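Here the chain labels run A, B, C and D in written order, and each chain numbers its own residues starting at 1.
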Amino acid sequence: MPWWLPVQASSYAPQIDGMFLAILIITGLAFFIVEGGLIWFIFKYRERPGRGGGRKAYYTHGNVKAEYVWTAFPAVVVVGLGLVSNHYWNEIKGRDSVPADAYPIKVHAKQFEWLFTYPGPDGQLGTDDDVAEVRNRLHVPLGRAIVLEQEAEDVIHSVFVPAFRLKQDAVPGMHIRSWFIATRLGEHELACAELCGMGHYKMRARVTVQPQAEFDAWLARAAQGEIE
Amino acid sequence: MTTAAAMPHVGHGEHAPMGFWRKYIFSTDHKIIGIQFLFLSLFFLLVGGLLAMQMRWQLAYPGQPMPGGSILPESMAPGGILLPEYYIQLVTMHGTFMVFFAIMPLLVGVYANFLIPLKIGAHDMAFPRINMASFWTAFLAGGVMLASLFVPEGASRAGWTVYAPLSARPDLSGVLLGQQLWSVSITLLGLSSILGSVNYITTVINNRAPGMTWFRLPLSVWALFITAILGILALPVLSGAAIMLLFDQTIGTHFFDPPAGGQALLWQHLFWFFGHPEVYILILPAMGMVSDILANGSRKPIFGYHSMVFAIVGIGFLGWIVWGHHMFMSGMNPTLGSSFMISTMVIAVPSAIKVFNWMGTMWRGNLRFHVPMMHAVAFVAMFAIGGLSGIFMAATPVDMFIHDTYFIVAHLHYVLFGGSLFALFGAITYWYPKMFGRVMHPGWGKIHFWLTFLFYNMTFFPMHNIGMAGHMRRIYDPTVYEFLQPYQWTNKFITVSAFCLFSVQLIFFINFWWSLWRGKQPEQNPWHDNGLEWSLPNPAPHGNWERVPSVYRGPYEFSSPEVEEDYLPQNRKLPKDPEPPVLTGAVS
Amino acid sequence: MTHAASRSMMGPPFPAERGVDAHNHKLGMWIFLGSEIMFFTALIGSYIILRFAAPGEWPKPGVVLNVPVTAFNTFLLICSSVSMVKAFAAIADGNPKKLNFWLLMTILGGAMFVGIQVYEYLHLVHRGFIPSGAREGSELAELVATGTLPGATMGLYGSTFYIMTGFHGFHVTCGVISMLYIYLTRALRGKYTQQDYRGVEAIGLYWHFVDLVWIILFTIVYLI
Amino acid sequence: MRTLGMAVTLVAGGVALGIAGWRSSADGAQAGATISGTIKFTGTRPVMAKIDMSDEPVCKGKYQTAPTKEDVVVNANGTLDNVFVYVKAGLPATYRAAAAPTPVVLDQDGCRYLPHVLGIMVGQSLQIKNSDGIAHNIKAKGVKNRPFNISQPTNMTTTRTFSAAEVMVGLECSVHGWMKSWVGVLPHTFFAVSGNSGTFAIKGLPPGTYTIEAWHERYGAQTATVTVAGTQTKTADFTFAAR
């Protein structure tokens, strides 16, 4: 059974997985300290009626020095983690993190479908040459920054592409942008990650990453209504 | 039980012998009310578990008829095949019952009621009648919530967080009445918790026995006190939000209705502004009671009592400025996200302090592994895992991937089941003699503990794994997704473990009922504890004390060199102890 | 503010560690008011958020709502707060007769407030102002059509107005009922003495709180 | 013994009554006037967009050529399909009709509703069938009738009834956005749907002057007034122009 994270198919997937690994190592250490310590204490200090019966526990109300240590140490670690996360957070989701030359694709989420609108030759959304409302098909060119202009028709949905490590809610009444750069050719899956009704689990779209040329060809066909 | 007549005491309380109804049903005795809450919430614990089992079946064997499922009506499971809309109701109701009607009343309703007066040396709560009202309001709320499962179209389908607009739009969720009942029930529950909290806070502040200074309070009382403060400030916000939701559904207001200018995120902000303090309402009392049990089981004073108190207070304070970490992916301003992330990281510190202090308490102790102690140690172990996995989702970039996946599910169950529920099993066993004058069977208690511990980890640990694969929460059929198909056997494994976990809980329930009548009579202080409650007969009479005891020291004087026993009750006067000043009340 | 003579009765009902210098009724009421503050904070906070994020500008004050009438109502509520103080002072000086008189005044003030609010609601609904906005074919709907009122925000206007003023009215009603209760069952029977007037003090706190909330609501809902 | 006799008489009586009822209803169907007609279509036939069903291989497999949307279906003979024709007004106020006992079946086959337009009586049961074995949900957007939203994760049949007359109640599947169906709910049996022949016939009308309405999901409704007497047959043709 696979036991690690899915394939990395976007530019920031390695960074996110890196963070994950780092936190796993830190928390893993803490885990072994705590659980190991507990198990050790359980055996070492358990009450033994036989030998030294009536032995009393060591009478102490604590040790301020020790407490300073195990207060300060975690504090430093988590604040450090916080700063690192914040760095990547601003890179990936910050208001001005979207690359300037990003290729816009409109995502219209409704119960229980994804409707993608691609800009026509003019590269602008909202013009008449748009390839409008392609159902459950997200095609993106390889290695090019894509910005999803997300909107929701009825309830809250969430764009989730595990391979891209991308997740962003689509909220009715709000216009939310999220971006990524696909770095791996092939088919991926897009799921809705926010409970949106009885068909939530069926709200699935296919993501196809292809070279620019193939993408353009596909878009031209899609403009004629030939999605396949 | 001795009647109140046999136990006259100062202050309020009935002096005539009371009939069955006044004594056990509409009682104003904090102990009876606590026991009423206990039965109520254990019932909902069972219901919530049953719902979870149905979910697990569907996840492991999607679309296959559930054994015995054919007894369910057409609208839920035609031919035993669970419908998606019913599955979402299961998700919603499992969360709602467990959070609002099982864990919360078990921790606060039961133990704040039962322990606070006994541990601080009060005759009863400050407002016994309000206390009774609090229980019956909760009872009503529970009834309404349970009824919502059986009305046409069934219960709410929006998850336990009932995110608007899905919850506010019957045409989109497919359910109206059930969702309205949800709002009504939650509003009632909020009222009940407010009435309770007023009592707890007033009692702790004003009605402590002479000598029971703030820093001689047991940590359980400290935790319950802070919890009550959280409750009294958080629940009204939830009630307000629930009322707005109810109005949106009923009289056509537009609070959460984007087309008419409402805000979808407003609900999330209101809900989580309540919801995060709620998370600590669900864990702080467990921490407090575990501290008591752990010190007792280690026969050693709690390690760093003061920092434990400050940690509780710190958590109680920080709990108010971290709610946004539930909304990192909601489209909220990312800059806001950063600040919430930092505060969330900081709140890990007090939790770490507590874990290390618990270990410090066990260090060089004389560990006595009675059943409550086992559960207490398991609490520390499991809470540590839950706390550590929390750091993953606190780190916003990682949360971007694991948000709304089973990683979250694993995390919250490690905190709520591995944490709160283990602590509760311990607490129930520990104070059972005080409640019912009997001891729960220790042998079966240990069997129940080990089996629960085993199957619990087999159930929830693999959820981290499928969460890392990106397995979304609240989906009816994971096999729809190619990337989840390799994990289907993990789902099956989890399901089988979950069934085992559920069935071994029956051991606990049987033990509980059996001991009510057959359990052996305890000595007055069965655990050799220092708390004031053990200076009373088991069970304690209405009004607790004829004369309130005086307190000479803190609650954790185990293995003190001053006496040869390894425990020293708070109210035992040693020659050197000065008599605490007896005040005739607060001086104006 | 309690008197030395009343110490024993004003304290907790049995020997206890000193908490705060307040008897349980008073302390409990303060704590309860804490939760009330949070409740109204939730409502008012939502109002502020919705109003500032509203699509288009907010209806001008005075177009829909009748400010003068409500201003008078506000004055009435403030008066009832004053009479509550008088009642409290009366019993603190051990004068049950004056207590009864001023308590009755307070009850009447509160009742009148509620009555006027009910009248206001009926009038507004008649003109077509309902929680979901302006009713079709009503006088306000025409004002919306002519552009005197912004159509985009009428819904939010109605929602927030009715929930905030409505729940305040509900609190006033509860206050009046409980005051009436203690008036009939305790005050009239002379149960309150200079030594023990905890009930009056608690209900007085509640009443002042409700009054305070109304002054805030009147300002943000009617005036700006 | 006596009970047995009683049972026998009861059964016999029941059978007799049943037959009588059936006879009378049959008569009602035979007797009376008939209004029939043709739904003509003028102008250029609109091109219906192809539906991409590759998400659902089950459905895709049921078609040789790619299926198209069904908003406008023009028959080979230049007539218009899927037009709902019904008696809108003119029935005597005393007219009452019991809901037909036989259910109307709406099938979900190949990710399409069959039929696309259908009529049903108030209180008559509608059997919604899922022949695809994949998840569909049925969302009824009634105004006079209480809206409902149910799902069928696999092969199953759900029965629903409508409580009030309404033309039309729209049905749609939120999982497959193209799936749409229209249900005309009426308190009487005087309705018909123009099939692939583009014709309709409303039989068994009592004598009177009727307002007939022809409804199409894109081209809206047209009405005609027809007076019939006895058992005569009148024609009412409608013409929809491309827009």
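Keep in mind that, in the parts below, a residue touches a chain if its C-beta (ideal position, glycine included) is under 8 Å from a C-beta of that chain, and two chains touch if they have at least 3 such contacts.
Keep in mind that this is a model prediction, so the values were computed, not measured.
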Centrality ranking, top chain (CA atoms only): B
Length of the line joining the C-alpha centres of chain C and chain D, rounded to whole Å: 58
Between chain C and chain B, distance of the C-alpha-averaged centres to the nearest whole Å: 34
Where chain A and chain C are represented by their mean Cα positions, the distance between them in whole Å: 48
Per-residue overlap in chain C, given as positions that touch at least 2 other chains: none
Set of chain A residues in contact with two or more other chains: 111, 197-199, 202, 204
In chain B, residues with contacts to at least two other chains: 83-85, 172-174, 262-263, 476-477
Which pairs of chains touch, using the document's own definition: A-B, A-D, B-C, B-D
Of chain D, residues touching chain A in the complex: 49-50, 52, 54-55, 135, 137, 149, 151, 174-177
Residue ranges of chain B in contact with chain A within the complex: 83-85, 88, 91, 157-159, 163, 165-166, 169, 172-174, 258-259, 262-265, 298-305, 307, 329-331, 333-335, 337-338, 341-342, 345-346, 348-349, 352-353, 355-357, 359-360, 362-369, 377, 380-381, 384-385, 388-389, 391-392, 394-398, 400-401, 403-405, 465, 468-470, 472-478, 480-483, 486-487, 489-490, 558-561, 566
Chain C residues within the chain B interface of the complex: 1-4, 6-8, 10-24, 27-28, 31-32, 34-36, 38-39, 41-43, 46, 49-50, 53-56, 130-133, 152-153, 155-156, 158-160, 162-163, 167
Parts of chain B lying in touch with chain D, wherever the complex brings them together: 63, 74, 78-79, 81, 83-85, 170-174, 476-477
Chain D contact footprint on chain A (complex, rising order): 110-113, 115, 135-137, 197-199, 202, 204, 206, 225-228
